[in-house]
Amino acid sequence: MVIRVAVAGASGYVGGEVLRVFSAHPDVEFGALTAHASAGDTIGAHQPHLVPLASRVIEPTTVEALSGHDVVVLALPHGASGAIAAQLPADVLVLDCGADYRLASADAWAEYYGGEHAGTWPYGMPELVTPNGLQRSLLPGSKRIAVPGCNVTAVTLALQPGIAAGVIDASDVVATLAVGYSGAGKKLAANLLAAEGLGSAVPYAVGGTHRHVPEILQNFASAGAPNPRISFTPVLVPMSRGILASVTAPLAPGADADSVRAAWIDAYADEPFVRVLPEGSWPATASTVGANTALVQVTVDAKAGRVVAVCAIDNLVKGTAGAALQSMNVALGLPETMGLTMMGLAP
Amino acid sequence: MVIRVAVAGASGYVGGEVLRVFSAHPDVEFGALTAHASAGDTIGAHQPHLVPLASRVIEPTTVEALSGHDVVVLALPHGASGAIAAQLPADVLVLDCGADYRLASADAWAEYYGGEHAGTWPYGMPELVTPNGLQRSLLPGSKRIAVPGCNVTAVTLALQPGIAAGVIDASDVVATLAVGYSGAGKKLAANLLAAEGLGSAVPYAVGGTHRHVPEILQNFASAGAPNPRISFTPVLVPMSRGILASVTAPLAPGADADSVRAAWIDAYADEPFVRVLPEGSWPATASTVGANTALVQVTVDAKAGRVVAVCAIDNLVKGTAGAALQSMNVALGLPETMGLTMMGLAP
Amino acid sequence: MVIRVAVAGASGYVGGEVLRVFSAHPDVEFGALTAHASAGDTIGAHQPHLVPLASRVIEPTTVEALSGHDVVVLALPHGASGAIAAQLPADVLVLDCGADYRLASADAWAEYYGGEHAGTWPYGMPELVTPNGLQRSLLPGSKRIAVPGCNVTAVTLALQPGIAAGVIDASDVVATLAVGYSGAGKKLAANLLAAEGLGSAVPYAVGGTHRHVPEILQNFASAGAPNPRISFTPVLVPMSRGILASVTAPLAPGADADSVRAAWIDAYADEPFVRVLPEGSWPATASTVGANTALVQVTVDAKAGRVVAVCAIDNLVKGTAGAALQSMNVALGLPETMGLTMMGLAP
Amino acid sequence: MVIRVAVAGASGYVGGEVLRVFSAHPDVEFGALTAHASAGDTIGAHQPHLVPLASRVIEPTTVEALSGHDVVVLALPHGASGAIAAQLPADVLVLDCGADYRLASADAWAEYYGGEHAGTWPYGMPELVTPNGLQRSLLPGSKRIAVPGCNVTAVTLALQPGIAAGVIDASDVVATLAVGYSGAGKKLAANLLAAEGLGSAVPYAVGGTHRHVPEILQNFASAGAPNPRISFTPVLVPMSRGILASVTAPLAPGADADSVRAAWIDAYADEPFVRVLPEGSWPATASTVGANTALVQVTVDAKAGRVVAVCAIDNLVKGTAGAALQSMNVALGLPETMGLTMMGLAP
């Protein structure tokens, strides 16, 4: 079986990672690789690490170029996917790595992103708890999938077992994330320069303004939280990849260390890509680099009355391109783990 | 005026920083520089960055070597200060950079550090709010001072204005810290190797087990919190210096963005080393490197019902050696800022 | 076909990378994973990034444990391979990642490593130019292979085209390498701590004392240099992986920019893992992370009278574990690229 | 005595470091702080680490704004100093941190920088060997000083003792530098992004094209080299500050390890800011961070027939702003070390 895949936005960080991750899939064959400003250049000029694709020429991102493929992956800036996606045939599987189709609420879209809401697609997080079982069961046969946000993935996977099991109170979640610089994309901004970032830690979008907040709350609600609230603080730290989400919530009445641990272990016992570490071990982002892995640990701080859960992922793999491939596998009826590694690159 | 200063533990990271920071003080003159395992070596062999002291020979840490100085700075492992301090004359100013004399509660000491509690000394954080005004007023004339813990300093300075003003509820504080590797000292451990730390973020002492927890709660109580509680998570990130503390607490009933902002600005209006940034600016640890500065910002997340405060410091300066010098100045009746810089080293 | 592979030294950095790289080979199946001090522990305790192997138990490194496999990979400290290898059956393919069997000269071994010379095995660098063609042709059917040193690989691949083509003078080579910390292994030493390495660059083994020097000269001689000499300076820089070798040699009489460029392009035109970049592009180590790639560029500095060649590799992949797998493929008559990626992990 | 100092280009990295370094001088008082695009902003908006200057407003860079000071420091892009400098009164001390007035050869300027050569000013490297003694003796009373380039300073200080003593052959120098990102300034370019730089080493301006080459050769000639030549390769490594220059040259006939070592020790015996390390110790850039120090080591590689010298500096201090202040001290007849620290910031 050959799956012909086109990638729009092939010169950016997300696009490059889509190329790297999808190329490891035994059935994937790349068709058009497209971009805007860099159309006409070779992949080698923008993604020098992707040696086997070095001489491929980037085409302009047009509906014509993207036509005639089995799968189209959109790695475009937020707000740019809608116009393209609307013109792609209904029987093509479109995986949108942007935010355009993640939110169910048009109001939330308007508040956090602005502009018109493009719509809502099936959400590409197979592990998500929903009122009707896991999200996994909703994806087979889907032709449109919204790939989750990277921070959203880390926070959701960290906390949802506690929500689903009723052992935490999701109305007062606090999440602080150490995030690597690739999450910001190839944007030319002074605060993203190496001279600024090296040797420094600095927060941004503090106080509830980050665009991933409504998507996290949507997932918490999906997992069963009646009135989810979150204080969300991302902190840029000197690494190119990785998210370390430290997430706490009040321990629910009646819950204790045993019921908490059981909730997390049970929730992920059959998940191929989520691993709850042995008690006492805490995840390092380095352990997930390049892999579609989410490493999770949880403990109860009895004095503080809070559960503390930590999740480490590679923002570009399980946080984006790996999630896209995982969802593609499910959508197409292939084995979910096909072409995806759980071997991280450390040290 | 000449202040003769001896430094015990001169070959470690804290000892080296004490040498660097104190040497900028116009009245300080170093006497004995001592250590255990490295006695007999030169300072240059252990602190190659301290060029003017390169040929100074390290003496063994004994009461004899430390005698005859105006000030003795102890930069020893936790638990090692007591035996030395007990033998130093009462009229010598002893600044302990370790934890031995920070806690008022012998029970807290036993629980978090183990062994016998050495005692309680005046606490070297001039900015701390106490029931009797600022801690600053309690230090003049002191001959024994316990220098605060680095994480403690960052969390305390981040949040105490809200406690003192009654605009937050300190019974459910959550603090997550991005911390640099120098905080762990020159300990030879696999998880502290550069190959492990580069490109990774990893938490430790999660779930209320970190030794700085009781000291933070002690400070919160000092500032007026009736029943302080904290969920505290430190995360090692790839930088050698720096602490970025992201601290949240529920907004108190009746408080709002204006009263919160006013509380922080008023609290630090006259503080020489604590600066509340202009609204919208968030502190980077790089801005504090090498300086005795604490940079603070605060905002209200109305949806989450929480105040979010952030504080950046250099763990070895305002977090340790600078705090020691600042306290020395106050204790000796010198201008508090003497010899201390607020110019950070960036980029 | 199933290739049963045992790995000795499975708890170190090299051993972990052997596990990661070999696990991507479709025919490889792991047998015994052994170590000394960590025998009895799980792989998960020492290699938390290798999730699929997490529960595998490490056996003691003994001949018995290593018996009964098709391939044994030795990832042991220099000098430790000989005793083990001597006892392994002659029909087992042994890949030694250590230095024990790399050098042809017992005198060079004695001078640079000390102790008795274990012997000389076929050298696992298929791309090496030898008097009888490429080294590739000497490996099929080999049962003992010495995997090259990481720095050696970078310097050799950078310069050998010029030697073989006679366009440079290898009697005055100067090589300076920016190297990542994983090259030093999990050794507990103060100069390898993250606090020391972050934000710093520092040379070591300067002045011709590095153990890789005789192996480099051996390769230069193999490629045709009558009297090779090298000034070799490795510089530790703040990255966990990667080697960037900057290598210069005098331009040979009669050679010029065109003949130099042609020499490099011709030499590597058919090499699957070595890529000469388009003119004007210079390799970054990030482009090779996790991949078995060597990225090379060369130019002529006419004023200085020197050729400057640069080679970037991942020290743990093309520099060690990838070279081992590549050699295994050639030795066993499999396609040379089987199971090896040329997709680096960037950014 | 009060020295009124104006700084042009106060919002960039060099300008910021000039503010930091000069503010430690007991006699310096800042007058106008100017810039182009950021005129009207506060210093705090661009240099958040310079807390005491946070509220100072940046003026437009005009001759009027810069008038009326004792000293004007120009921290402008190359080529921009000439127009301003020409209009400043002859009795004002002007320190140009740019390249405009460093080169004696108009041809070299035209070849490496392009455009018209502004002229040649006394060179602000007091330690430079000249045919008439040290450069130090030529600076007192100067009203125009060209501050040396950062890479130039590292390479010159590394090698000039050997040139002056005749123990090396400067006609075949090879220098490879590990350099931090601040050297590139606040330029918004994709290759300078943190996501690209973290975890990577990459060369640039390879093959003799770097603009610092003619300035280095000029210094080598000044120190006595009849026909200096250099192969110069800078390598960006993941640190914000620092230059580690590894420099080799053939050992001169008749010279040996003793005469080489003696040459370096004698040359710098009386230099306040250059320290030759004890034999066997090699400098780390971390030891020089924030200090006006150059740490130097040298050895002879007898087999390679080459001397290897290494010099570590902070590119923004001894490489730029510290050199400017040091030259100001000499020019004004003040103690050369006034206001300058030799205490680096490590770890």
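Letters A, B, C and D mark the chains as written, and numbering starts fresh at 1 in each.
The rule we apply is simple: a residue touches a chain if its C-beta (ideal position, glycine included) is under 8 Å from a C-beta of that chain, and two chains touch if they have at least 3 such contacts.
Chain by chain, the UniProt names read as follows: A, B, C, D = N-acetyl-gamma-glutamyl-phosphate reductase.
The model shown is predicted, which means the values in this text are computed figures rather than measured ones.
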Residue numbers at the chain A-chain B interface: does the shared fraction exceed half, giving same, or fall under half, giving different? same
Farthest CA centroid from chain B: chain C
Whole-Å distance, chain C centre to chain D centre, using C-alpha means? 37
Could you tell me the distance, in whole angstrom, between the mean C-alpha positions of chain B and chain C? 45
Return the residues of chain B touching two or more other chains; collapse runs of consecutive numbers into ranges. 13, 181-182, 193, 195-196, 198-199, 238-241, 283-284, 286-287, 289, 346-347
Listed in rising order, the residues of chain C that touch chain A in the complex are 13, 16, 20, 23-24, 44, 47-52, 54, 181-182, 198-199, 240-241, 275, 277-278, 281, 283-284, 286-291, 293, 295, 341-347
Within their complex, chain B touches chain A through residues 172, 174, 176, 178, 193, 195-196, 198-204, 206-208, 229-233, 235, 237-242, 244, 246, 248, 250, 282-287, 289, 297, 299-306, 308, 310, 312, 346-347
Note: in the complex, chain C contacts chain B through residues 13, 180-182, 184, 186, 188-190, 192-199, 238-240
